[in-house]
Amino acid sequence: MKALLLRDLRLAVRAGGGFGLGLAFFLIVVVLVPFGVGPDTALLGRIAPGILWVASLLAALLSLDRIFALDFEDGSLALLATSPLPMEGVALTKATAHWITTGLPLTIAAPVLGFLLNLAPQAYAYLLLSLLLGTPALSMIGTFGAGLTVGLRRGGLLLSLLVLPLYVPTLIFGAEAVRRGADGLDPTGALMLLGGITAGTFALLPFATAAVLRINLR
Amino acid sequence: MLSVSGLTCARGGVPVLSDVCFSVAPGEVLILRGPNGIGKTTLLRSLAGLQPLLEGAVDYPEDQGAYASHADGIKAALTVTENLKFWADVHGTAWVSPTLPEVLAAFDLTDLQDRLGGTLSAGQKRRLGLARLAVIGRKVLFLDEPTVSLDGFSVKRFADWLRDQHLANGGCAVIATHIDLGLEAPELDLTPFKSAPDSGGGSDQAFL
Amino acid sequence: MSIWEYANPTKFMGWTAPVMRVAFWLAGLCLATGLIWGFFFTPDDFRQGSTVKIIYLHVPSALMAINAWMMMLVASLIWIVRRHHVSALAARAAAPVGMVMTLIALFTGGIWGQPMWGSYWEWDPRLTSFLILFLFYLGYIALWEAIEDPDTAADLTSVLCMVGSVFAILSRYAVNFWNQGLHQGASLSLDKEENVANVFWVPLLVCIAGFVLLFIALVLMRTRTEIRARRMRALQARAQRA
């Protein structure tokens, strides 16, 4: 698993587009919002938690179809399936690699963009914490979606259609935690539920992902 | 080492080969022959465990099978050495025997070892894909047209490696190929095993 | 003889033909009775006036929207465990029916909500979860359509249905957490004494029976179509081999 993780990270760095593209997309979406809703800083501050969460969700979505598609096309996935590494391990590793290349940079960049949107000062810690807790779930759910659509020629659009409804609970708890933090309320409940979703997806979805990968490889 | 009995395998829900039986001893190679579309690839994928069998049994030591087809799994952004090292790591085989220079030499990759996968020609990629078989330490190889896009010299090198390194060390192989590898090996023509048009099995059966 | 033998495609085609016909007739009868009774022969509600009568469409369709997904889940499990092709095809057949039921529930809800809450749409937990359910139906149907090989499609959609069910329940709790909502509590429940008054209750039950029967009839009809299409495919594949 370590070998696969290191290879995926190395590929992301070398091939370009792994780290940078998602981040740039995140930045652009966040910058576009004020153009759409107007420069009212009070309003922007109020909607900032939701905007930041939706934007990071979309940025994570952007790179999902690359998780398995390249390995499927060049045959690596079939070779991995006959290797001693179980498919569950492949799924888990792929999700982790995706998180390190998208979720983690987004988490680190989000506070900076929160500044642009006039996010309440007391909310920054919760923004960081909620993204840190929630983005792994986004990667894992996305990996499952990528596994489902890997054999399809035009899977990209379908992938979004399948994955976005699955993102609803994560988005709700994540944005709620930041909003409560911004309003000076106690966000512990939302954060705990968010952590619960991440733990649950990492415990169960690798099995579902491995199952759909095996089906797609036959 | 490898024994197959009563094997029926399907492609797209339709049985293509029925009741295939053969066995391969350590140090032996079996060459699969037959016209295009007879089911050589399907058979090899079934043997490697990539698709379920409709019937029959395939028996070989667990975790000893390896599959190779025209898709080599080579990453364009990794060098030749890195590509090989990745597969060795995944299979948990350290560079003890054969060593990296030996493998590179056997497949004529020594001069290319620091080139990126993406800059290799089709034949060079193929050699790298085959070199993978040397580093994963698997005994039972299922090879689907391993010599596609190789020149005559490279084919001979591959056959030499297979004979001197793999078979001599107790490995065996099932190879689907149309050219003569220069190995003394029994051939199995798959034509007699072709499923009858009305044969049962397969996911369509319930609807007929 | 085990009950599973009825799932053999040929047998299934045999016994469903009369059942489907009866289900269609009974559904028409129940719906006509229930709706006419409900619309013209029940008094207006003292608070909600005549708008309450949309309950005869809204409640049964909302019930069936959820039940259709449950039926798909059960059918998917049967396919995964027992590999009965008809089961997978029945799940496929039920999805569009369930999706339309969800749409009916959403539209009637909007029409009902306008005079009650003053707007057609509120981001109320119940409404929102139905919208999410609609998206799940959409994804499920799109996945079926996108995959060529019928067995692969059946396998993948079954896994999606199971994973989707877990996330649908999760979403239901999440939207509750997110907004407390305006929607009245469930009007029907078996354990509560203070249900809707009997004058509304009986025609509503008739309507629900009508919707259930209609669902059964439609799913049977669509499953039969799927089986025929699959049989044609199989025959074509065989003809090509000969």
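The first chain written gets the first letter, and so on, giving A, B and C; residue counts start at 1 in each chain.
Just so we're on the same page, contacts are C-beta pairs under 8 Å (C-beta built on N, C-alpha and C of every residue); 3 or more make two chains touch, one makes a residue touch a chain.
Treat the numbers as computed from the prediction; the structure is a model and nothing was measured.
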Item to check | Pair sharing more residue contacts (C-beta pairs) when A-B is set against B-C | outcome: A-B
Checklist entry - Based on the averaged CA atom positions, which chain is farthest from subunit A? => result B
Next on the checklist: So the centre of each chain is just the mean of its C-alpha atoms; given that, what is the distance between subunit A and subunit C in Å?
Outcome noted: 32
Item to check | Rounded Å distance between subunit A and subunit B, as computed from the means of their C-alpha atoms | outcome: 37
Checklist outcome for this item: Here the gap between subunit B and subunit C, centre to centre from mean Cα coordinates and rounded to Å, is 49
Next on the checklist: Quick check: what residues of subunit B touch more than one other chain, meaning two or more?
Outcome noted: none
Checklist entry - Touching two or more other chains, which residues of subunit A qualify? => result 218
Checklist outcome for this item: Check: subunit C positions touching at least 2 other chains come out as none
Checklist entry - Any idea which subunit C residues touch subunit A in the complex? => result 132, 135-136, 138-139, 142-143, 146-147, 152, 155-156, 159-160, 162-164, 166-167, 170-171, 173-175, 177-178
Checklist entry - Can you list the residues on subunit A that touch subunit B in the complex? => result 2-4, 7, 10-11, 14-15, 71, 73-76, 78-85, 217-218
Checklist entry - Considering the complex alone, what residue numbers of subunit C touch subunit B? => result 8-9, 85, 149-151, 227, 230-231, 233-235, 237-238, 241-242
Item to check | Interfacial residue positions of subunit B with respect to subunit C in the complex | outcome: 12-14, 195, 197-198, 203-208
Checklist entry - In their complex, what parts of subunit B are in touch with subunit A? => result 45, 48-52, 63, 65-78, 82, 86-87, 89-92, 132, 136
